[in-house]
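In structure tokens below, several structures.
What follows is a pair of complexes built around chain A, which joins chain B in one and chain C in the other.
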Partner chain A sequence: MTAFRKILIQISSNTVLGILPLFVGILVALAAILLILNNENVEPRAVYDLIYERTLSLPENRANVVDFWLPILLCCCGLLLTFTAGLWNIGIEGQITMGAVGATSIALFVELPRNEQIFTELFMAGAAGGTWALFTGIMRTRGGVNEIFGGVAMNFLASSFSSYLLVAPWSPPNATGSATVRFPANAILPSMDDYRLSPITIYITLTAFIFVLLTLSGSRWGLQLRAMGKNEKSAQMLGVPTERNIWLAMLICGIMAGLAGGHLVLFRRANLPANVSGGIGFLSLLVVLLASIRVRWVPFVSFAFALLYSAGLPLRTRLQLDASLIGIFLGILVFCVLIFDGVRQRLKERVEQRKLLAASGGEKSPPPPTVEIQIGQEASSGSGSN
Partner chain B sequence: MRKRYSLALIVVLLVTLVIGAGFANQSKATAQDEFVFGMILVGPHDDNGWSEAHYNGGLYVEEHVEGAKMIWIDKVNPADSPELTMDLVVEDLVSQGAKLIIATSDDFKADFTAVAPNYPDIVFLHVSGDGVWTGEASENMGNLFGQMQYGKAIAGCAAALKTETGKIAYLGPLINNETRLFANAVYLGAKYCYEHYRGMDPATLQFTVNWIGFWFSIPGVTLDPTEVANAFFNDGNDVVLSGIDTTEATVVAGQRSAEGERVFSVGYDYIDTCAEAPSVCLGVPYYNWGPAYVTTVNAVKDGTWTQSFDWLEPDWSDINNPDTSIVGFAKGTALTEEEAAILDEYTAALGAGAKGEEGGVVLFQGPLNYQDGSTYLEDGEVATPEKVWYMPQLLEGMIGESSAESE
Partner chain C sequence: MDPVLTSTLADIVRNAAPLLIASQGELITERAGVVNLSLDGTILLAAMAAFAVTYNTGSLGMGIVVAMLIGMLVALIVISASVFLKLNQIAVGFVLTLLCADLSTFFGRKYSGQQGTEIPYAPIPILEDIPVIGEVFFQHNILIYFSLLLVIFVWLWTYHTRLGLSLRGLGEHPAAAYVRGTRVQAWRFVYVAAGGALVGLAGASYSLSVKLGWREGSTLGNGWIALAIVIFGGWRPFRIAFGAYFIVGLRALALYFQQEDVLNLPIQIINMTPWVLMLVTLIFVTSGLAESLLVIVPPRWRPAAQNLLRAKPPAALGSNFERS
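And now, the complex of A and B:
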């Protein structure tokens, strides 16, 4: 072993090298973004200034960011449960769409006193989203259909169903088929007096977050989900009711996604538009991935995403950046961070392997079995769940 | 280690995003003589079609009104910008000092009408809407449109002059009053010219309409206009007229012509559409929004603007005058000189008819029936503007759907 490699291994065992790939990943992403901005003849400084000015500088702008943030965070809360259980709930886009459709079915066709109206709309949103997710869960446990493929199929179905409703039964006369009529005022979620924010959505999101935090950090069910995420078959052999848990995790995730869809149509849009989910579900998947399935980091990462997302409009009107560029920037950032996270894990594994080799006197031996499941500890990424 | 890593990730992400926050510039105050107007486009500003025509109208305003400055946003539609709402877009434009906001799609009608009352000091101009007519529009909102039915009739005439198979087709967007009107106008123009200039029996002219479902292609949502155009040609149509915002009909005709087929197209919306495939392009009925926008901007700037529903005719003295006519027809190079001369003659006749002059051709004059055989106009009856704007069906003799399923 050369002296250089020894030094490398020594350095790689400390935190600096653990974090270094993250910085490199972000630097690479920034470099790529700078190249694109340069190609568009846009000053990077102007972009930064605009993002701050139009998202964080004024209370009403901050309120807009929060309005973007809430449905993303709500979806992330649901995904934390399914990811922890080792379930890739790709079908979340469809669950958002069906939640929106469920809420619209009440908003357009049922007239109740204000409170009952709002409750019924949200109930239908959650029920529709939850049912849609439950189908995927049942297909997984009873039909042997992987939840990824099931989710993709359910996304397609939800999108097609929503499109059909818009061009046929729910289309306003002489309309383009891109949205329903606007909902009556009675059907729209109440807003704060000074800012365009829905207190009901804030309460729902807060409740969802606290529920997921408590579930995954201190409950028996959370422990079961983590065990399933590590190894579903082993968990089953140890007595964990995996089928019930898969259904339950999917159902709760679907309810949260459905409520997010309900917020989109009952507050942000006041009608059901085509493509109502608009990629929020996929964005939430990326957030949970980037936060490494850690509950407490999800609000921050999702807020950062919401901030960038809501900066898209001023960047378009003031700097004439193309509509697709914000999505590309987010994609580059996520891609680079994940790639370099992979590099970091690889380095870490190598270092640990060498340490083991050194400890066993150069003989190769399998690593000792470890029991990582402990109550009170959050799920570790790098597990079977991701 | 893992936790430290995650913490670092969050911190770096956030720091990266708000870096430079301390250096943020405040909104630049608009200069005193500057007049800012906002424009909301449904498609790309460089689509060689509907949205580019509006964008160019905005540039025309900047050129002809001192101090005028356009701020614009394009691709405001559920496919390209699902995160945007009309509230957010208007709020952003107003925050940049816009005193007039122009929304350029029928698709914006409901949301634009709902937002306008929240900004009583800003003038909202909805292009292609009828909110002022129906009473839905608030006092600070006006409507503007061009009488494109005349441009469409000329387009239909060009197709009828060129067809050898006697089969022409119309690539329609979605189905509503506006699009039915234009498809009907194309048909009437084609029928007239087939009979009067070609000497053919108009009953033998086959005119087919197919609707893609939106103003432009949205994969997975609409029919693919390229496929629809190809299907038209496969069915023996030798001229396809476009009614959508983009140029697929002309592009497909160009491709098939390059393979040796005798096919032609007529574009829509944008004056330079024929540049996509000049050899097959019979022409394009186009919008020229600049002069009308200048009138509105000057009125708002001077404080003389009042609510109105402006459905403007072409300037019949010269429909291609860039400073006076809202609707024009740019003849394509695929027309022979003789055909071009006939087209001029028909255009003049339409103008005379519109002005009520003797010997003119009145486009919507009875007897005319709807597709189901019911009467649209009695013999000799001339349609009122309302009867022209609100047509519930295609006309008798046309092949294609008159309405979406729900209607």
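And now, the complex of A and C:
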């Protein structure tokens, strides 16, 4: 075999192995959905046609998908920072909700000239989301409360607080507590002339994406976050200010989530509804997991997710299928990609070990290091009885 | 004792049973060194499956077994992905919790709001007649008694048997357990499967006993609460049981306040109190604040108080074990 042929085989096998998990994941997820549709006596073609019709067939539908995509991408940008630092910001749903509440508090009760009004609303959205996330960060570093459980608690608190506002102080007269009154026109984000899209949200999302891309690919802070994600204790010993970085990553992620919440109420809904986040925070977590924290993949993956999710409602109304079918598809997809990526990694490791074994003349190479995930506070040995 | 208070206490024992079973299941899993984050979705799916199977077959036993098998299967997926593929247990658990929740919504829509079968009421003769205690503890169904016995069983197993010692070894120092002859991976699979089955049983106890029937998202959030209770309870069976009763007690208190018009607060605000208190307690216990306050405890009682307040996770929690 010539050297050139060897190189070609190497390149093609690496590329194929790299994207193979995604293809296998899509195939398995599609097979599972086909099975479910067959069980429900629904033609797969009818589902495809409906999704296409409601998302890509007309310019206004495409604009709707983009409008759905922007807040997801904004949340993903924030999550890229926290994931890189090894933080599971599950509390993002609560941060979106608090951002929406913050924006609503200005939209309903403050009257300013148009530009100042919009700026103040968005400022409050970012500040509320950021503060909510910062609480979780402080509880993690100062209180020893793992960010997963702190985040979950903060999600429930935000949801209860928002529900309280809807049934008591912000409830419209003779209303059931499902939403506030429609915001005045002055308080709603301006739209493009041709399509129902918010240019302000587009600028904010674009800026956030470029900021995260530059931060993670070429900044000292990005390098520090990566080091923390690999091993927080080692990073701390090497002089990385881990506590400050956790606070900062959580704060920025919260601001972005809060702005996403602001967009939902100030543009898409023009009021504050119950369950305003609608699961887009968890959806963003799936996107970042699927993209394996690769910044450049995130816009494409999040767009694909947004496209499928925005088709969820017509499934119920037209085909009597539940919108959760889309969630099942995405869940299976992400799960399969995780699994097959794991298979790929193990195969790669095995090939490398064989190579090392051959090079060392049969002497066994040391096993790869174990992965440590600490829940709660610092690890210790020994435990007492009750 | 006031009959209203006695009946409230009995309600707390009844309503806390699923949380108790799920958190003891997660305790076993985490003591073996594995984090199963899929609890919330698993409980939802198991609750739906238990109800659907019972509804279609008329057999309560079948419904409970299917729910336990679902819990076991999900838990086995988490540990298999960790052991064979070295995947992050948290990532796999999180994806599974969302997937299971969606599966429960999709497949459960046919059963939403339907009338189902309830686990029969089975008061224990003689014991049920004991004043107060009888009504609080011995006038329930078999699942509630199981939840009470489970706490004692897990405590005895963990701290007073040889196998329990090896269980703690799996979570604290798997390499040392291996050197002493414990088959680490095999036992981890066994304990994780057992823990998962208990989580499934918790789901079944919601739809067949505590929140009779099935509605979309009917148990949403309880899996996360169970996970938090394990930390709150410092990975110890009795403290976890206290945590479960504490949380359910707070909910009952909120309802009582609302019904009696004691506090003129909306239910949404009262609903927040268990979460606020849980966070405050977690901070108090896990930040070391509790231990630093031990100086005010007389030296004679200090070791006992220290042991009571300690909340340290198993040292090898979430880690992969490999034979070198």
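We take it that the second predicted complex is superposed on the first by the 342 of 386 C-alpha atoms of A that agree within 3 Å, B and C clash if a C-alpha of one lies under 4 Å from a C-alpha of the other, contacts with A are read in each partner's own complex, and residues count from 1 in each chain.
Everything that follows uses one rule, which is that a contact is a pair of C-beta atoms (placed from the backbone, for glycine too) under 8 Å apart; a residue touches a chain by one contact, two chains touch by 3 or more.
In this text, all values refer to a predicted model and were calculated from it rather than measured experimentally.
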| item | value |
| --- | --- |
| First (chain B), second (chain C), both or neither touched by A:314 | first |
| First (chain B), second (chain C), both or neither touched by A:148 | second |
| Which of chain B and chain C A:167 touches, first, second, both or neither | both |
| Touching partner for A:195 - first (chain B), second (chain C), both, neither | neither |
| Partner chain(s) touched by A:139 [first = chain B, second = chain C, both, neither] | second |
| Contacts of A:221 with chain B and chain C, given as first, second, both or neither | neither |
| Which superposed partner A:119 touches (first chain B, second chain C, both, neither) | neither |
| Chain B versus chain C as contact partner of A:211, first or second or both or neither | neither |
| Footprint overlap on chain A, where chain B in one structure and chain C in the other make contact | 163, 167-168, 324, 380-381 |
| Residues of chain A defined as touching chain B within the complex | 15, 18-19, 22-23, 26, 30, 45, 48-49, 51-54, 56-57, 64, 68, 159, 163, 167-179, 181-182, 196, 268-271, 273-279, 290-292, 294, 297, 300-301, 304, 307-310, 312-314, 316-318, 320, 323-324, 333, 337, 344, 348, 380-381 |
| Chain C residues touching chain A - in the complex, by the definition given at the top | 30, 35, 37, 81, 84-92, 94-96, 98-99, 101-103, 105-106, 109, 155, 159, 168, 172-173, 221, 224, 227-228, 231, 235-239, 266, 268-269, 271-272, 275-276, 278-279, 282-283, 286-288, 307, 310-324 |
| Residues on chain A engaged by chain C in the complex (per definition of touch) | 36, 88, 90, 139, 142-146, 148-150, 152-153, 156-157, 160-161, 163-164, 167-168, 282, 285-286, 289, 322, 324-325, 327-328, 331-332, 334-335, 338-339, 342-343, 345-346, 366-368, 370-386 |
| Partner chain A, residues of chain B touching it in the complex | 1-10, 12-14, 16-21, 23-27, 38, 71-75, 77-85, 87-89, 92-93, 96, 106-107, 110-111, 114, 174, 176-177, 213-215, 218, 220-221, 404-407 |
